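Two complexes are shown next, each including chain A; its partner changes from chain B in the first to chain C in the second.
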Partner chain A sequence: MRKHILLTLALALTFGFKASAQSFLENSQVNGSFQTDAQYYMLDNGIGIDNLYGKQLGLNGFGKVGYSNGNFSAGIRFEAFLPELNGFRQELNGVGLANFYATYDNGFVGVTVGDIYDQFGNGLVFRTYEEWSLGMDNALRGVRTIVRPIQGVTLKGVYGRQRYFWAPYNEREFATDDYRGIVRGVDGEWDLNQSIPAMNESEFKMTLGGSFVSKKQYDQSLFYYIPENVGAAAGRVNMSYGRFAFSTEYAYKINDPSAINNFIYKEGQALMSSLSYSQKGLGVVLQVKRTDNMSFKSQYTALQNDLDINFIPPINYTHTHSLPSMYTYSTQPNGEMAAQFQVNYTIPKGTVLGGKYGTKLSLNMSQVNDIVRDSIMDHGQMVINKKGTLGYASDFFAVSDHRFFRDINFEIDKKISKDWHVTAQYINLYYDIETIEGHAGAPPVQANIGFLDVTYKINKRQSLRFELQGLWEREVKKGYVYDESEKKDYQKRGDWAFGLLEYSITPHWSISIADKWNYGNPVPEFRDHYFTGTVTYIHEATRIMLSGGRQSEGVVCVGGVCRTVPASSGVSLTVSTSF
Partner chain B sequence: MAAVLFAFGLQAQQKSDLPNVTLKDLNGKDVNVSSLFANNKRGATQNGPVVLTFWATWCGPCIKEHNALDEVYADWQNETGVKIYAVSIDDSRTTAKVKPFVEGKGWDFEVLLDVNGDLKRAMNVNNPPHTFLFDGKGKMVYQHTGYWDGAEDELYEEILKLK
Partner chain C sequence: MKKILSIIAFAALMLAVTSCDKIDINNTHKPYTPSSSGKTVLIKDFTGVRCVNCPGAAETAHELQHQLGEDRVFIMSVHAGSLAMPVGKFPDFRTEEGTLWYNENSSNPLFAVDHVSLTEGNTLNVSQIDAAVGDALTEPQVFNIAIENDYNEASRELKVRNTFTVNGDGDATYYATVCLMEDSIVGRQVVPGGVDTAYVFRNVFRGTLNGADGEMFSNSAIYPADEFTVNCTTTIDSVYNADQCYILTYIYDNKDGKIIHTGMAKIK
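What follows is the complex of A and B.
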């Protein structure tokens, strides 16, 4: 018997050791992905490109490799912008190791060193992320620690300095070009249902969370006293009962004069709430948001989306078709009042309206207005938004008459038969182009937009898809004679038509041609065709896309952050793969 | 003794290609994706294949793919025991909409939320839709990016190969 035990033990030890050595090798995984976007630019007088300014070719590329083994993972990302594609920031020009990290996480404690992507709650006080298609990356290089002391409780701490294109991360306090601050933050989240046994199976669910983030920046200003420590805090509640869910988050930031808010010393506030109801076949959600002076950057002179510590989510509908997404809203950092209502409903299969496959309907309404700003007393004078003052007073619940954006849309998605599928949408749009894109004096875009997207399945492998889209603008002074200086405001304005035909052979090939035509532009010389042809080849996780033609001037938005793309003409190639 | 040996042997084999990342399901419950295959106490081998599709409420082709998958899902489950997890990469601007969206569309598969993009990064998903197929042991056997009509048939052929 004893012999048996010993033998078993010896065998167990041997195999145990072998198993762990084996598992160390076997469980280690290497993965990675690569993408290259290149474009060859050509002159095209037809759309006003008469000079390439020495840039014949643009190339954005990245490659990343990750390693993981059980609780350990690490990775690097290499980037190249040689030079950057048109529409990307010139500061990206260069090649190098942009990102690296190593993480150990055993479920109780997790530590990451290197470049960190994370967010607290909705991101109102902290969110670092990377969006390749925008050339945007605000990763925090430093340390993150996560502790999960008991089931349902997560505590996080982050500390570091943010990425600013290729600027070095070492501290250069008095250098004029780079004096980014240090960002540090803590967040706690408590899921009551996971940590309180009596609530484990409860229909009522609740999660509480809170965070505090501060930046330490250097006052380099000759005119203002810039606070060197700026703190922001947020608290959040998520709850649900059966089919209902409610969540809200409130954030507050102390005075933080910056180039974005015109160097005012007002505090910042943000509130975001949503209420939803869901049952099989029906989903309804209402969201409201108020933000006031909540731009939060790790350097007070930073502009655009540079060095953003937080993220103010826009709560409008994200369109995916060409003309509907031409005028996409981007968050106004200095304040907005926004609301959104959305219903998704599926008319069941087997009913008169539902037919054999059911019919999917969706309705979305969203609107964004400015907040109300009242003048304040400063040194015996009534001022509003004056540099160096407290800025303005604002009634929390007041909505300004100044409307930035409104989108009311209705979509129907219907599989008609085994071979035919139709999606159609109508959109009524209001877009304050003067505020959102900074076209001073340009009248707002008020448009009706519609599209029809039809797919016909020829057989098991082949399908044909076509899209017809139209955008009809109201109130653009047609036939008006513009002087030269005013003309540029009318680029891309007026009525548009769009057609696309795509033939695909799944799983590898797709060929498409499309034409976008600004036929109703008030300026006759802008009534251009933007013709493109695209061939795509996909093999498993590899995608190769070659396209040629014209690209209209526009805005590319991902996640509410946008970049403008200049008009261009030429050939572009995208190769993307992962393993 | 055989049981001991078996246990160790099995341990060395329990290799899942899914990373150690925790996501939330639509009810807010934590789900560690590396444990998707460990649900079964009798050993991972008894699990059926798993399809993981990355999507977002703002991704047109993804919605088409899911509508198509939803139509055949019941049949696929009966025939192969496959389980589909749709991983939403919606960020904070649209997370509150995911549940009403999924319910409103009437989809039957499990939906997981990757709000911070952790799984997306760990699995090197550049653009949605991106679909992965794992066999019952958690080994990745097929992946595909993009969606055109009929791609679900191709996926099903791959699932059938696992039988």
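What follows is the complex of A and C.
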């Protein structure tokens, strides 16, 4: 009898466990994505590549897998740079598990351990993110806790150390040049419409938020007293009423001498505001921004975009076509005054100008200037931006005459018939290449740019698309008298033409040829053609792209963060898939 | 719930209070005592007459020199790159050797401290030289450099005798580069807000007496009290002010290009 009871119990436990495991598996979700970017480099004397410096092949690849089951989720990302593609930082060279995390979130409390990507408000005091196309990853390895004590209130805390390429995270393993501090921060957000019953259905919506972030770094300077705890705080408001919306955020940072700001002890400030109006067929946005000494990194000696704790969002139009995106603005961390105005309007269908399908018009204007910096008194002398001092004085609302960037563009997007679609844009550009790209002494780029992008549907499956683009620089002309030592500052200057023809057979194939020609370069030997041919095959979520030809020197920017891409010649292959 | 919010508010307050160190702006500099090794350091400042940020960077380098000792830190202003190219009345301080050392970099101002970064194909910006100089000063002194100048005012001929006495041990191929320098030249320089027509150029590199790479004086093991001599002769250009000229000699290891010791002596 006892034997039967034990057997029955064992069977019950076994089947119970099996049923539980089955239920567990049924609730599980797994997703992932993989990408490999490879390029085979070739010598090409025509564009000045007479040495590959031992790098015939570059390869960047990643694979990430995520798992979720109810309140639990976890993931890993594996990366390989063997070696890194040209234009990516050499420190990326390597292979390994770059990122992992596990999260439990039951709605009231959420805890994540591992590598954390998050943002407080606009990111003025805290943002960690990963951008594959830039080779950028400033993930925070540590802990994040989220508490939602009442409806509409979210409190968040983060604590950890940032990724610095492949440098170890354990302090005892640090080399002198990869030392970085600890980042800790809290953020609170209150959605009044969710918390206050009387406002639940109100057309007036309001959210308030506040953040505080601090870094703990160690003073290793031989010459200056470096603050070991540097705090930054921000407050924000988002409001909307009917068709209007307004948002603003102000951030303040205490003394933070660093290699970026030339070791000055001035406080940092940032203000960003946006006002918008939208209705069917019309959208208007006005944005303004002022930043002053707001670079915030977890290592005071870090340069470029390394170990950024915060993020200064750009307020410029993002161009996607080849020539308009050649000169993309890169955020200046030491200070800028920026404004952007955008209007989108759709001329209704059935009108003379709207035609059968309507016509989309958009106008965008953005400009970025430097802030005004005035001398200050230091030990009886007037100084400006001198190490070990407060640096300078700056009137909050004053705008410097030094213009970094201006972009005025107008676009028409029109579906002419069921077979023809046309997009055309005109851009007037000012780009201070000396400040933005560091080409010392080079005159600013002042250019008119235009493109025409036409798609013709041959039939239900096949289509043809062609692009014609032109860039005309006003100041840099053929015949410019240059010194031999100046030549390389004119590598991509002067007038350009671009043409592309693409033939697509949906849903799988696309074939294109393109040529980019720097026909108006002031230096005759730089008047090169950059021709490319590309074949793309798509099967469900898998994309394979093979291309060959030349790539011109330029910059790749995402969200105001940029990396320089050197000119190259060769064959590249991209394979990506997801599930 | 109130309890949770109170705990969170208290924790946030504590974090804020303990997370900000305010430095007294009147006391930002640390007292610094260079090591007693006697090792000297050379800062090569790649600059240009049309480089608006160069005067500020040069001033920072000179402040550092003043702070650490003018007998321990030497500065060589090497005019090179497109911004060193003169236009109109701007002076031309470019030299063949300087252009070679500049190694096709694309901007000014840039620095090399004892050649360390220069030989790796990159250079430092002015905010990075403090630590590099501080580190270099802590290294042991391997050589002493004694420079004797014999200058003939009439012919403007200069004979230079460099004597290198070994202080420690070493086993490398050692080179010495002998440079002619001129200090306090007045001329045009682009400065923030315009052009300074009476700018004082400090420590201007005028050229070498024995080539950009200098010359080898030892390629075997060296021992304390070993002595080596390098002699050079040149004629001082008539436009140079001999009263402000001096010889700067540095010894470097040919394997990695790193400067081991630097010395200087006025020609008069």
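One rule holds for everything that comes next: the second predicted complex is superposed on the first by the 550 of 579 C-alpha atoms of A that agree within 3 Å, B and C clash if a C-alpha of one lies under 4 Å from a C-alpha of the other, contacts with A are read in each partner's own complex, and residues count from 1 in each chain.
Operating definition for what follows: a contact is a pair of C-beta atoms (placed from the backbone, for glycine too) under 8 Å apart; a residue touches a chain by one contact, two chains touch by 3 or more.
Nothing here was measured: the structure is a model prediction, and the numbers come from that model.
After overlaying the two complexes on the shared chain, residue contacts for A:G438 are found with chain C alone; chain B is out of touch.
By the touch criterion stated above, A:E228 is placed in contact with chain C alone, chain B being left untouched.
Contacts of A:I150 after superposition: chain C is touched, whereas chain B is not reached.
Of the two partner chains placed by the overlay, only chain B lies in contact with A:R127; chain C stays clear of it.
Residue contacts after overlaying the shared chain place A:N428 against neither chain B nor chain C.
Legend: residue contacts after superposition of the two complexes on their common chain; A:T36 is shown touching neither chain B nor chain C.
When the two complexes are overlaid on their common chain A, residue A:T389 makes contact with chain C while staying clear of chain B. Which of chain B and chain C touches more residues of chain A: that partner is B.
Shared contact residues of chain A, touching chain B in one structure and chain C in the other, are absent. Chain B meets chain A in the complex at residues 1, 4-5, 8-9, 11-12, 15, 17, 19-20, 27-30, 57-60, 63-64, 67, 71, 91-94, 96-97, 99-106, 115-117, 121-127, 130, 142-146, 148-151, 153-154. On chain A, the positions that touch chain C within their shared complex are 147, 149-150, 155, 157, 184, 186, 188, 212, 214, 216, 221-231, 233, 254-255, 257, 259-260, 262-263, 265, 301, 303, 384-390, 438-441, 483, 485-486, 488-489. Within the complex formed with chain B, the chain A residues making contact are 4, 7-8, 11-12, 15-16, 18-19, 22-23, 26-27, 29, 31-33, 35, 64, 66, 68, 70-71, 73, 105, 117-119, 121-123, 127, 129, 132, 191, 193-194, 205, 207, 238, 240, 245, 247, 274, 276-285, 287, 311, 313-315, 318, 320-321, 342-346, 357-358, 360, 362, 413, 415, 421, 455, 457, 460-463, 465, 504, 506-507, 510, 536, 538, 540-543, 559-560, 576, 578-579. Of all residues in chain C, those touching chain A in their complex are 1, 4-5, 8, 11-12, 15-16, 18-23, 25, 27-30, 32, 48, 50-51, 56, 59-60, 63-64, 67, 81-85, 99, 104, 106-108, 125-128, 130-131, 134, 192.
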